[in-house]
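Look at the two complexes coming up: subunit A is in both, with subunit B in one and subunit C in the other.
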Partner chain A sequence: MTTEPQADPRPVRTAAEQAFAAMLAAAPADGSSRIGALRRDAAAAFLRNGLPHRRVEAWHYTDLRALLRAAPPRAPGDAAPAEAIAFPRAARVTLTDGTVGPLPADLPPGVSLLSLADAIAADHPLLDRLGAEAPDRYDAALALNTALLGSGVVLHVAAGVTVERPIQVAQVVTGGTSVFTRLLVVVEEGASLSLIESFEGPAGVPYLDDAVADVFAGDGAVLDHVRVQAEGAAATHLGTLGIELGRAARYDLFVLTLGAALSRLTVRGRFGGPGSHMGVRGASLLAGRCHADVTLFVDHAVGGCDSRELFKTVLADAARGVFQGKILVRPDAQKTDGRMMSQALLLSGDAEMDNKPELEIFADDVQCGHGATVGALDGKMLFYLMSRGLPQREAEMVLIQAFVGEAVEHVADPAVREVLVARMAAWLAARG
Partner chain B sequence: MLDIRNLHARIGDKEIIKGLNLTVPAGEVHAIMGPNGSGKSTLSYVLSGKEDYEVTAGSVMFDGRDLLALTASERAAAGVFLAFQYPVEVPGVANMTFLRAALNAQRRTRGEAEISTPDFLRLIKEKAPPLGISQEMLRRGVNVGFSGGEKKRNEVLQMALLEPKLCILDEADSGLDIDALKVVSEGVNALRSPERSMLVITHYQRLLDHIVPDVIHVMHQGRIVRTGGKELALELEETGYAAYGADAA
Partner chain C sequence: MSAVQETVAQVRAIDVDQYKYGFVTDIESEKAPKGLSEEIVRYISAQKNEPEWMLEMRLDAYRRWLTMREPTWARVSYPKIDFQAYYYFARPKAAPKSIDEIDPEILKTYAKLGIPLRERDALLGIENTDRPKVAVDAVFDSVSVATTFKAELAKAGVIFCAISEAIREHPELVRKYLGSVVPVSDNFYATLNAAVFSDGSFVYIPPGVRCPMELSTYFRINEKNTGQFERTLIIADEGSYVSYLEGCTAPQRDENQLHAAVVELVAMKDAEIKYSTVQNWYPGDKDGKGGIYNFVTKRGDCRGDNSKISWTQVETGSAITWKYPSCILRGDNSSGEFYSIAISNGHQQVDSGTKMVHLGKNTSSRIISKGISAGRSNNTYRGLVSAHKKATGARNFTNCDSLLIGDTCGAHTVPYMEARNASAMFEHEATTSKISEDQLFYCLQRGLSQEEAVALIVNGFVRDVLQHLPMEFAVEAQKLIAVSLEGSVG
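Then we have the complex of A and B:
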């Protein structure tokens, strides 16, 4: 979400902010290229604003300046490929500590996958898609990622091409480092793709994963996008996802949040042409003292589009969930249909959920709605299941899976859905 | 099979079961009739282990075991089945998945092997059609969008699959028209056997025309106040519960 420039007399003062400033200072300067200018502007934006804090509205519930105590050093960038979450049939490229591993050799015609470093070296025209918005409006996660741009992947699907196998961009962090990666995905007119992103790392090691994806789906394109955040329990995950749709495009995102001590995912979707659909759904399963924030901004910049947002949050122990969602319907965006819902299930009296759904509507002929619920497991349902023989733990698991199932059922590929369901079941089983 | 002695139970500060004695031998169908508020439904919940109720005195022996020491799921595995007056809707859990999970959970608790998929499908194919339960109802969420009659039939299907030793039917006829009542009671009657006991809780005599009990008990103010044969139902239909100090409800 866009952060208004904040006047702060001492923007860089905490240990983490100073560490980030040192990373920016150590990054090689890059003369006059467009990417070089983008990096410089983004670095300036970070140095001007520092980390967002609770007085910055979009970060009110996730005071990054207070919560992020330190920033580990940047990963060296020569890691050997690590094992990642496997999805059946998927063609996978793994980024280990930001180092791009071997690219899948058997991609179908019309699909190109290359490392961001190679794209930058070749001054690839697709890179013009980056930085459409001025960096002075970037928040810290996006500003740092852009200022340190270099590690990542560029994926292009040519017009009219249907990619049968899912393509997975897997990120694995192996130690206590800070990793900044960028994924640029362009699905051209009439093409279709199933994209999976996954994020994971070691359990006991504090590390920082700042991952940004810029996704463009052209006219009539179809894109199913699954994002699995299964970071280690001590990690910080800062995710930013920008989505831009052409006309009559269909985009469905499913976000599974399972890990990290501190995580924030900012999703910004924008309709660039009429007749398009955007589904943004997710499930977050949070335990311990973990804090997970999902913040959405859906911009109905043109009319005749529909958006569906559904987020399910399950909170155990002293976990804290945050959902912020805003649907903006601009003055000429008539016939907009937007529905947003956030539902949370509290499994413990110490857990906390903050819901902030918002509608901002400037057109008059629209259908929009939002809702938010927070509750415990239904005692009547629980007794019904137990009276049929399900032990309490199993009955609870069945009800929790049904609760999150409403969001995960929208994942189109049954094989992908199965992996997600298994991951959630493993989380529930581990809760003990 | 079931032996209840001097049972006292309360919810919050309110005592509802006040010294109830009841014995149901194996193979017998006993009806419990009584006015509203006499504690009939509470008895069914106490027997099936709902945690909202607290047993303050007395004992319940079931099949030689102390029933009150078991959790709700353990009681189910031991053979207690409560057919709910108002079966609960469980969205997001497919009926078929639920039926299998229940059957396997009971088998695991009893230390038995889980049922295989083909065996389970065969079982469903045998038990569901006589109760008029379609494939579509098996695919839907448990009881979700079911009519009153469909919910009751689904209860009987669960009973038929789980093969309990003691069936407690709480107002099995409520919300049923005469055709639905026939399907439900035929389903229940088909489960009558020398090894299985039933406790049929009802306010009205009507149900007992279809599920004919061996013994009828009258419950009032948390106790059994009269016990007799099936002719007792007709007598109650004539005189109402007024003789027991209750308003005609």
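Then we have the complex of A and C:
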């Protein structure tokens, strides 16, 4: 990679941009390997574009140039790592400040889990799947992650293998650092997997967590994916999720957003073959002054697929929620069925919700729709519950739980679902 | 003949890229030199005998425009416009003193377009005796050529005249309101308009007056390579009501003509303005050659409590449409409405929608948008609904449906919703689909032909909006829809 940053057309670089440029400059140079080229391209893309700002349409409501004041240097924290959120039966690998911990020993045959560093050292063929995006389409979160590619996990499920236990990739940050991790998941033809990602860190410490996952589900594969973002209250979480489905594949994602002062999750899903299903759902529970952005891009590149998107946002205090969703139906992607819904509940007069559900359609034999609502708790419903003897607080909790319940009920594994519901209940209780 | 049969007959009668209003009127006209400069701005102002303050406003706008960049965020693509290649001012030679002095060629043009300019005819009951009276202001290229029913309107205290006349006759009103809704440097095209606007209509409805008839402006771009920059200002004072109609056509030309209008509406306490547009500029031929570039800024300000502004539009023309009629809901309990049918065929590109900005308490807005794309066109709905922190009880309902006819067109929906008040209640729904096979099958099975069935379904699809148009416009619009979709159905 180039140690000399390229000439910047903008006169001023923000402190955060300078900090990132310094991280790029400090990263070890790489020879002529493919991964090296990938890092170089991504670094160049970041130095060229800098952080996105409000005039970049996809980041209109999450202006990183203004919101991201600083980026702590990449130094491991010294605090003892907290125990990651536990899911029953799950085989777990924990990344502490990006460092991969012991790998679970008892994985079923056909499942291989290895650290990204080992995979790079061994020039693993799976790594060819990385970096399908053209550098000019890199946004800052993805570009920085790719430019500093090195820590993370590679998970591979061989064709036809059904993995009974969920596999959890837990990330724990221990101090004021910047962490860049990559998760590569390949579920081959006819295989099935339940995958859980979790992100946690200390409450009062500003740190930055930039996590990218590349998920590939082959023909007829079934993948349930749960992503829990429960970062510390002062953290910045930048998440990117790329999903590529083969034909007749089933993929269901549930995203729970609970923490971080500033968070952004970009989900890009693409259908590569007909007959596939993609469910992208989530719930965001936001309080304080927290700013959480979920941006979806679902690309119906081929016909005969269906996608379902459902997002629920609950906003207390002066929290700000952003939902942007785009369904693209390309020419000839006939028989597409896409439904997107974003609903937000404002619990406080200082909260703000920005919704932008988009449809971009170039084929005529399709059924696509989107809906969006914003509102407060229904006074009549509250009154009804209170007239049945529930105190106001509890009545509110019942209604909020019902509101987010609609999204979480699509999580297939009841044990996983229970953990998620418990986390949401804890959030609601803490709010009181 | 029923409306459906009529629609089908229209479809049959016209072969592919035929634009009914594509003729050119052969009249002598005076033009300012091509291009845009401070001299041209001064020239336009001088031609209109404008007071000094107006010239200052224009020059200020022109200087600001020079520093601005053309917006590129809309989902339309077109070759870079050379703003120096247009004529910014054209008018028929020998400006008329009264209707009788209008060049007979122009009168013929309007007759062909079906616009009754000669109020005398209407008054004598020669034709259309059963039709309600409509006062018309006709704008031909850069000047207003005639305004009808002035005397009758004056009796009610209504001022309805060309804006150039209003600048001279009612400077106190114009100075107070012009640019108060769409500021001079609002956006690239609005700023250009502020610098070079040539004519348009001015309406003032005094307090408590219900305007005795529909007001209407008819815009016609005739001259080659001209830009039309009209400016309309409507003020409805306390407790008044006005319904205003706007129609537009242009000749069929290979070059792209430019149209950048600004419309400002001001509704005071308890006032209501209903603004209807049937936009039928020349859309270009079947290969996408020619057509009007339509860059329009329309905004209404519900300045007083309980005021209401309603936009209804039928958009069938123009090669490029860039238009977002908006409502600023400033007064408490004020309400805004937007009903739109946007039809694109051939190579047309439409990027249209609305903005509802809720500032006052208990404000409500309603958006119904129907987009129909056919041929190789792209049709985008882009809208913003926002509730300010103080907009307690703001309420919005948005429904945008798109219908795709054929597999080479695109339909897009880009809604923005920004809620900063917990008691705000926003609902948005959008669907995109093709004509339902079930509905089609049902109609065919009842004995309708394929064409009749499609016409029936399309008319049903846009019905919600059509019923908000004034009666005679609704009939016109229904025919227009059939003609616009011609060649794409079946």
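The working rule: the second predicted complex is superposed on the first by the 414 of 432 C-alpha atoms of A that agree within 3 Å, B and C clash if a C-alpha of one lies under 4 Å from a C-alpha of the other, contacts with A are read in each partner's own complex, and residues count from 1 in each chain.
In this section, contacts are C-beta pairs under 8 Å (C-beta built on N, C-alpha and C of every residue); 3 or more make two chains touch, one makes a residue touch a chain.
Just so it is clear, the structure is predicted and the values come from calculations on it, not from any experiment.
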Exercise for the section: Using the touch definition from the top, say if A:G160 reaches subunit B (first), subunit C (second), both or neither. Expected result: neither
Problem - Per-residue touch tally on subunit A - higher for subunit B or for subunit C - result: C
Practice task
Give one of first, second, both or neither to describe whether A:P391 is in contact with subunit B, with subunit C, with both, or with none.
Solution key: first
Exercise for the section: Return first, second, both or neither, reflecting whether A:P108 touches subunit B, subunit C, both chains, or no partner chain. Expected result: neither
Handout entry: Which of subunit B and subunit C A:P76 touches, first, second, both or neither
Key = neither
Exercise for the section: For A:L399, select first, second, both or neither according to whether it touches subunit B, subunit C, the two together, or no partner. Expected result: first
Practice task
Identify the partner contact of A:F383: answer first if only subunit B is touched, second if only subunit C is, both if each is, neither if none is.
Solution key: first
Exercise for the section: Please indicate which partner A:G349 is in contact with in the superposed arrangement: first for subunit B, second for subunit C, both, or neither. Expected result: second
Problem - Touched partner set for A:G288, first subunit B, second subunit C, both or neither - result: neither
Exercise for the section: Take the contacts of subunit A with subunit B and those with subunit C, and give the residues found in both. Expected result: none
Practice task
Going by the contact rule at the top, pick out the subunit C residues touching subunit A in the complex.
Solution key: 73, 389, 402, 404-434
Problem - subunit A residues touching subunit B - in the complex, by the definition given at the top - result: 379-381, 383-392, 394-395, 398-399, 401-403, 405-406
Exercise for the section: Please give the residue numbers of subunit A that touch subunit C in the complex, ascending. Expected result: 57, 331-332, 334, 344, 346-349, 351-376
Problem - Complex interface listing, subunit B residues touching subunit A - result: 48-52, 71-73, 75-77, 81-82, 84, 87-88, 90-93, 98, 101-103, 105-106, 109, 141, 158, 162
